[in-house]
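Chain IDs A, B and C follow the sequence of writing; residue 1 opens each chain.
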Amino acid sequence: MSEFLQFLFSGLTTGSIYAVSGLGLAIIYNASGVINFAQGDFLMIGGMATVALLAAGVPLPLAIVLAVLITVAVGACLQRFALAPAGDSDALALIIITIGASIFIQGIVLLLLDKNQHALASFSGDTPIAIGGASLLPQSLWVMGVGAVLVVLVAAFFRFTLLGKAIRATAANHMAAQLVGINTRFVLLVSFCLAALLGGLAGIVAAPITTTSYDLGLTLGMKGFVAATLGGLGSAFGAVAGGLLVGILEAMIAGYVSSAYKDAVPFVLIIVILLFRPQGLFGGRVIERV
Amino acid sequence: MKRALHPGLVATLVILVLLPFTFPNSYFFDVAIRVGLSAIAAIGLNLLMGFAGQVSIGHAGFLGIGAYASAILTSSYGWPPLAAMLGAAVLVALLAFLIAKPMLKLKGHALTIATLGFGIIVLIVLTNEGRWTGGPDGMSVGPLAVAGWQLGNEKQWYVLVALLLLVAIRLSLNLYDSPAGRALRALHGAEVAAKVAGIDTAAYKVRAFVISAVFASVAGSLTAHYSGFITPGLAGFLRSIELATMVVVGGMASTFGAVIGAALLTVLPQLLGGLESYEMVAFGLILMLTMIFLPRGLVPTLRERLRRAGK
Amino acid sequence: MLEIRNLTRTFGGVTAVQEVSFRIRAGTIHSVIGPNGAGKTTLFNLITGLYQPSSGQILLEGESIGGHPPDELARRGMSRTFQNLQICMNMSALENVMVGAHMRQNQGLLAGMARLGKLVRAERACAAECVELMNFVGVGRYVDADASQLPYGALKRLEIARALAAKPKLLLLDEPAAGLNHTETQEIDVLIKKVAAAGVTVVLVEHDMKLVMNISDHILVLNYGKKLAEGTAQEVRANPEVIAAYLGGAAAH
C-alpha cells in the first residue's frame, strides 16, 4: 500500500507537469489548429533561464519572474515571426515550422548556455514529508500546487474574461469571430503567450525534480502532446486529465513492471487510444462535411 | 510524361560519374555515400509524404530496424549480408503492413502522432534490448560481402550507392506517372474525389507506407554495413525529423527534391564543422524559412519560377 | 436503375433526409431540386456512399448498396461531381481526368514502379482518351495546364470529364451550373444532353430552374429533407406545394 502511494505521488507530480504542458498545447491547438512541437521547449526555457539567471547572481523570485517573461517573449516571437508569416499554409507546413522552431530554440540555448544537466535547488528544502508510509518531497507539492492553480486560473480566464471568451470564439469559428470584430491575430498571439507562460512556470517548478537541459523539451513536449491527444485534442479538461493519467501510468509501470520501458508507456497508450477512440478520451465526435 | 530517358535522371547520372574526379580525398567520398544513403530513404519517404500526403515522423524507426536486423542476422546468425538485407526488408514490410492498417485510418495530426509514437517505441526497444543490440553503446556490423567478395573501400561503396540511388530515382519517377502514382497523389489532393473515382484510398495508403518503410529498411541495412558500427541514435526522433525535412525542403512529391533535400541536410552539418549547436540553429532556421517562403519546397518552386521566366 | 426506399439520415438532432423514396429509370435525366438546406447534397452523399444511411434502402440495379464504400460503388458504375469542387490541385488538368479512368488501368504500385511496355502503352491510350474527354466537355485547351491554373468554370467541366472518364452508367452532378454565367450554363445544358444521349443515366442537383426545366425527364422536389413532389417538368411546375415552398410559406395559406 505504501509502495502504491509512493508511485502515485511520483505519478501525480510528473503528471502535473505533463498536464500543464498538454494544456498549453490544447490552448494553441484550439486557437490556431497548430500542434506546437515547441511546447516542451517553453518548459525547457523556463528551467534553463532560471538556472542561468541564478548563476548570474539574480535572486530566485526575480529570476523566476524574468525567466517566465523570457519564455512568454519566445512564445510571442514564435507566433509573430514564424507562424504568422506562413499565413494560410496547410497544417503540415505549420507543424514543420514549430518543429523547426523547437530545434532552433534548442540550438540557441546550447549556444548561449551549455550541454549539461542542471538541477535547480528545491524551493522549500528536501526534507520528505511522510504520508501513509510513503514520502513526498516538498517540491512535489510545489509542482502539484502550481499545476492546480494554473489550471484553475486558465479555466477562469476562459470563462470570465472578455479576452478568454474571444479566444474561445476564435477557436469555434475563425471567420465568424473576425466578423463580430474580434482581432483574431491578437487572439492567436495571446494564445501563444499563454501557452508559453504555462510552459515557463511548469518548467521552473519542475526543474528541481526533473533537472533541466537544452534537450529536455523534446521529452516533455511529447508527453504533453500525448496528454493532450489522450484527452481529445483541444479539450482543456481532457489535456489535464490526460496528463495526470500518463504520469500515474508511467510511475506505476516504472514501479511494478520495468523502469526501462516507462518512457514507452505514453506512446503505446497514445497509439492504442488513437486506434480505438480517435477523438480522444474526452473529445466529441467530429462529423466530416463534404 | 513518356520519357524513357528522363532529363533529370541523365543529369544525375552525369553528376554521379563526374563527381568522384573532383574529390580530393576519401572524406568527400564518405560524405557523398552518406548523401546517397539518406537520399534513398528520403525518396522512399517521399512516396508516402509527398505523393500520398501522409506525414510520418517516425520513419527512422524503420531505418533502425533495417540496420539492426541486418547487423543481428549477420553477426549472431551468420546470414550472408544480402540475405540479411532481404530478410530485414521482409520483416520491415510485414511490420509496416501490420501497423499501417489501423494507423492510416487516422487523419492528419493523429497519424503524425502515431508515427512519432512508433518511432520512439522502436528507439526504446533498441536501447533496452542490450542482449541483441548492445544497448545504448551500439554494436558493430561486418562489411558487405557478396559471394566472398568484400566491399572494402569508399570508392567501391560509392559505385554501389550511386547505382542504387539511380535505381531508386527511376522507380520513383516511374511510379509518379503511373495509375498507382496518380491514385496516391489524388488521395493527397482530394481524397473524396479519389474515392468516388473508384480508388481504394485506404489500401493505397497502406501500400505506400509499406513501400516507403522498405526503402528506409534497405537504406538502414546499407548504412549499418557501411559504417560498421550502429547505435540506437540511428532510429532517433531527430533522425526521423531529418528524413521528413529532406522531403519537405526538397519539395513534396518531387523525386529530385528528396535527393537535393538529402544532399543539403547531409552536407550542411559537415560545413558547420560538426558543431552541434550551430547545426541545430541552422537546421531549425532552414526548416522554418523553407516553410515560410517556399512552402512547396525547393525543386517545385524553382521549376515554377523557371517555367514562368521561360514564358 | 436506381431505387431509393424510405431513406433517412440524421445528424445529431437534425434530420437532413427523411423517408425519401423514388426511382430513376435508366437512360433518363433526373433532377433533384429544392430550397437551400433541403437535403439535396446529403442525398447525393448517401447515394454515392460518402454517408451511411440512418435507415432505408438504396438499390442499384436491384442490389442493396446503402452504406457501401464509395470506391466500390464507383466500380459498380456510379460517378459524380461535387458542389464544392474536389479537384486535385497538386496535379495537372489531364492527370485529374486520368484519375477518373483509374478503375480501368493497372493499379499496382509495383507495376507502376517497373513501368513495363504494356503499362506505357495503356498509359498512352488512356491519356489520349482523356484528352478526348477534355475536348468533349470543352476544356481541351487546358490539356497541358496545372489544375490550379484553371478558372472556376473550367474546373467544373474538368470534374465532369473526370466523372465521365470512369465510363459510368449513372452520373450524379451536384450543381454543375452553380457560379457559371448565362452562356456557360447553356453550354453545360448542351453538355448534359450530350452525355445523356451517349446512354448515361444522369441525376442532377441544380438551382438553375431554367436549366432543370429544360433538360429533365423527371424532377424530384425536396423540402426540409422530405419529398414534396415528383413528376415531369410540367407537373412539378403546376404543383401548388412546390410553388409555396419556393415562394415562401404564406402563399400556401
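Things to note:
By definition in this document, a contact is a pair of C-beta atoms (placed from the backbone, for glycine too) under 8 Å apart; a residue touches a chain by one contact, two chains touch by 3 or more.
Everything quoted here is computed from the prediction, not taken from an experiment.
The chain with its C-alpha centre at the largest distance from the centre of chain B is C. Taking the mean of all protein Cα atoms as the centre, the chain whose own Cα mean lies nearest is B.
Chain A and chain C have CA centres that are 47 Å apart.
Distance from the chain A centre to the chain B centre is 32 Å, each centre being the mean of its Cα atoms. One simple way to say how far apart two chains are is to compare their mean CA positions; for chain B and chain C this gives 41 Å.
Each of residues 290 in chain A touches at least two other chains.
Counting partners per residue, chain B has 192 as the residues that reach two or more other chains.
Each of residues 50, 82, 86 in chain C touches at least two other chains.
Residues 48, 50, 69-71, 73-75, 78-80, 82, 86-91, 95-96, 98-100, 102-103, 105-109, 111-115, 119-120, 123-124, 126-127, 159, 162, 166 of chain C are the ones touching chain B in the complex.
Looking at the complex, you find that chain B touches chain A at residues 53, 55, 57, 102-103, 105-110, 112-114, 116-118, 120-121, 124-125, 128, 192, 237-238, 241, 244-245, 248, 276-288, 291-292, 295. Those residues of chain B lying in contact with chain C across their complex are 1-2, 171-172, 174-175, 177-183, 185-186, 188-190, 192-201, 204, 207-208, 211, 253. Remark: chain A residues 35, 82, 85-86, 89, 91-97, 99-108, 110-111, 115, 218, 222, 225-226, 229, 233, 260-261, 263-264, 266-268, 270-271, 274-275, 278, 290 touch chain B in the complex.
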